[in-house]
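The letters A, B, C and D name the chains in turn, as written, and every chain counts its residues from 1.
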Amino acid sequence: MLDKIGIAKRIAQEIRDGYYINLGIGIPTLVANYIPDNLNIVLQSENGLLGIGPFPKEQDVDADLINAGKQTISMLNGSSLFSSAESFAMIRGGHVDLTILGAMEVSENGDIANWKIPGKMVKGMGGAMDLVASADNIIVAMQHKSRSGASKLLKECTLPITGINCVNKIVTDMAVLDVLSEGGFKLLERAPGVSVQEIKDSTEGTLIVEGEIPEMKID
Amino acid sequence: MINKVVKNATEAVQDIPNNATLMLGGFGLCGIPENCISALVELGVKGLTCISNNAGVDDFGIGLMLKTRQVKKMISSYVGENAEFERQLLSGELEVDLIPQGSLAERVRAGGAGIPAFFTPAGYGTEVAEGKETREFEGKMYLLESWLRADFSLVKAWKGDTAGNLIYKGTARNFNPMMATAGKITVAEVEELVPAGELDPNQIHTPGIYVQRIFQGEGYEKRIEQRTVTP
Amino acid sequence: MLDKIGIAKRIAQEIRDGYYINLGIGIPTLVANYIPDNLNIVLQSENGLLGIGPFPKEQDVDADLINAGKQTISMLNGSSLFSSAESFAMIRGGHVDLTILGAMEVSENGDIANWKIPGKMVKGMGGAMDLVASADNIIVAMQHKSRSGASKLLKECTLPITGINCVNKIVTDMAVLDVLSEGGFKLLERAPGVSVQEIKDSTEGTLIVEGEIPEMKID
Amino acid sequence: MINKVVKNATEAVQDIPNNATLMLGGFGLCGIPENCISALVELGVKGLTCISNNAGVDDFGIGLMLKTRQVKKMISSYVGENAEFERQLLSGELEVDLIPQGSLAERVRAGGAGIPAFFTPAGYGTEVAEGKETREFEGKMYLLESWLRADFSLVKAWKGDTAGNLIYKGTARNFNPMMATAGKITVAEVEELVPAGELDPNQIHTPGIYVQRIFQGEGYEKRIEQRTVTP
């Protein structure tokens, strides 16, 4: 089983040179720490920045420079600032190469639910609906099962959905899976020490297992 | 050039009536019109519809106007940082209309740009699409969203000139430029107000045509919600 | 009868303090020369400038600074530059207070034709269709009659139209007229030396004459 | 940051195939991609569809590509400065699609911004509206216009950096920023190319994400169509 850092490290392996990437809040944000140094990538913040840098030194903190999680940040050489309309034009127009976000549920046809739990206070979808409806390449970082042990990889989402037919790949604490365009979760890799049977038992949606399933390689 | 300078926030917002629709710039507490919000609280207008990406926190930003029960309705994308907001929403005192952030930004831009409606993929297949026209373009589904406009837009910029031209700083730009275009009356508060001619015309973010009133604000707190640092 | 400068001078009288104004090519451009100095107005150029100044001195000519007629220009203090999309957002969004343009024909319900003559080479509408469809306040500068003596103020346009129901006021070499929302040209003023009868004879569309029609006052 | 620098125009446009759809920035001869146009003439690709506000003059700008019969179709708002254009149009060698200038600008922006269609009032009641859906919003009539996108966009900026960020100068900005967003491959030629980090992030007109290739151009003529001066 992977911890959050393990999930982030595994997702980092999906990143290719030259990518522009939008990272959601939570595990996705951690991915930034594990991107190989030899790759030139640019992180997009939907509140209006390309080129997110590390958290600033205490003396450099600027209230006018935050990320979409409202954290103070820095900028890298080559950064650019723009309005929210321009930012979502960029997202909607398909200019961001990879979107990594968290989810409460994903269905076997790629629907995602990550914004609302009935009965709980609604906080709003923020930019999530725009991101999932627009991106061509979406990786979801999530736990395979809820705390009560229920699968979060489902035939159909039970929670209000954020977008349909949009998730391409899922990295959980147990496995890496592709979401096939014809439907179904195709098992690609197992987390260290996790068996295919355990993954089967933890996946409510259709799981497709073909041949030997290798164990993930995480440094 | 036309001189648009007013003395302060009080003068700038004094004619905002009860039940007006306002747009307020900012993302979280970054780039919000602090002076105008204070003046609105002082003015005590009620029944406001506020279009703003967020609703402030309990004791700052739009949160201050929620505390005084001046807001009837919020139109936002994310309102999760505010306990008083939650209380009023659950008690039915407050209406809320949640809109995907990109659709919110684009609907406001459309309002300023004279585009009554446009197609976007955001929210297709979700409850956001309920009751909305949908259509396929090149194999992908979209829904029709309409423009948003306001009686007054309250924006915050870094620098401004007497002709109403604005320059924002960092990610404090966010929703301010579009909102500046979509208000019947747009009020801009700036950290530094200079005479027309001192800002480089090539570097203006909001052309003065969109701004009807401008003043140099004072006492900016610029609160930080998540102070994260590298040790 | 007014000459072109007379028409421009008369239109200049319609300008109010604080106006943002878009001036078309031809007579409208001349209007800029006759705006009273005590009025603060801003001229918009649809290729991306607010605050058009006079033609530059020879040594200040900049190929990167032209107006919509492709003439070299200067900027005034308080000018701003922007893209064509922003420029027409401004126009379409109703932020320009007054639009002054030329016309080949205007109909009594406010339709305007000024972009195309059948049988002649089509040059394109440029920004004219956006301007006439968007502006709330449109003044047309034109000759009352064609060279052959035919009225250009018509019941219906004969040329391909640029926009419908959009012209508010017309200043010709013979008269100033409002275009009524219910239809018809309402005569407001006569050019010096021109009689109401001459205007009637030169107007094919419905001319509404009420009471005494004063003569224009032009300096 | 990603380094997007190519050597020159020849390298930047070498893979543009016959029958490609191109966008070319500029208004008249102001802000046109001079180096890329020369390289296209040299390359000799044919059957091009060119989306550009104007079509150049007889011996400059897109006029050079018309002379060599490389253009199959022009999509423009105004093409009146070009005798060779007129000749080819009348002889049927050239197709032309005339679009109101604001609709052209907005359709290109929509292409870059993932908006397949939007309503605009421009052209309602005219031949431009023929065959297009119309709709009333708040008592005014609008027509539905669709996005425009291109295989390659060729834009010209004043300054650029190795990450593809662009700053334009004066009214040479015009159509360049939107076109930069609407090309599958966007090539930017700049008068001055600097290392990433030298341009102020707050003053970038076109963020680098939109630009795939960039080079420092040479020998800019910057022809003036109407040299008007105050004596």
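The definition used in the following text is that a contact is a pair of C-beta atoms (placed from the backbone, for glycine too) under 8 Å apart; a residue touches a chain by one contact, two chains touch by 3 or more.
Quantities reported herein were computed from a predicted structural model and do not represent experimental measurements.
Engineer: Chains shared as neighbours by chain A and chain B?
Structural biologist: Chains that touch both chain A and chain B, as defined above, are D.
Engineer: What's the distance between the Cα centroids of chain A and chain D, rounded to whole Å?
Structural biologist: Inter-chain centre distance comes to 36 Å.
Engineer: Taking the mean of the CA coordinates per chain, how far is chain A from chain C in Å?
Structural biologist: Here chain A and chain C have centroids separated by 55 Å.
Engineer: What is the distance in Å between the mean C-alpha positions of chain B and chain D?
Structural biologist: 33
Engineer: Hey, what residues on chain B touch two or more of the other chains?
Structural biologist: 106, 109, 113-115, 120-121, 168-170, 202
Engineer: At least two other chains touched by the same residue of chain A: list those residues.
Structural biologist: Residue numbers touching two or more other chains: 49, 81-82, 88-89, 91-92, 134.
Engineer: Based on which chains touch which, is the overall arrangement a line, ring, star, complete graph, or other?
Structural biologist: Drawn as a graph, the chains match no named shape, so other.
Engineer: Every pair of chains that touch: which are they?
Structural biologist: Every pair of chains in contact is listed here: A-B, A-D, B-C, B-D, C-D.
Engineer: Would you tell me which residues of chain A are touching chain D in their complex?
Structural biologist: 17-18, 20, 40-42, 44, 49-51, 75-82, 86, 88-96, 134
Engineer: In the complex of these two chains, what residues of chain D are touching chain B?
Structural biologist: Residues of chain D touching chain B: 106, 110, 113-121, 135, 137-138, 142, 146, 167-170, 202-203.
Engineer: Under the definition above, what is the set of chain D residues touching chain C in their complex?
Structural biologist: Listed in rising order, the residues of chain D that touch chain C are 27-31, 53, 76-80, 86, 89-90, 96, 98, 100-106, 108-109, 120-128, 158, 168-178, 205, 222-230.
Engineer: Mind pulling up the chain A residues that touch chain B in the complex?
Structural biologist: Those in contact with chain B are residues 45-49, 54-58, 61-73, 81-85, 87-89, 91-92, 111, 121-130, 133-134, 160-165.
Engineer: Where on chain B does chain C make contact in their complex?
Structural biologist: Interface residues on chain B, with respect to chain C: 1-3, 109, 111-115, 161-163, 165, 181, 195-197, 201-202, 204, 207-210.
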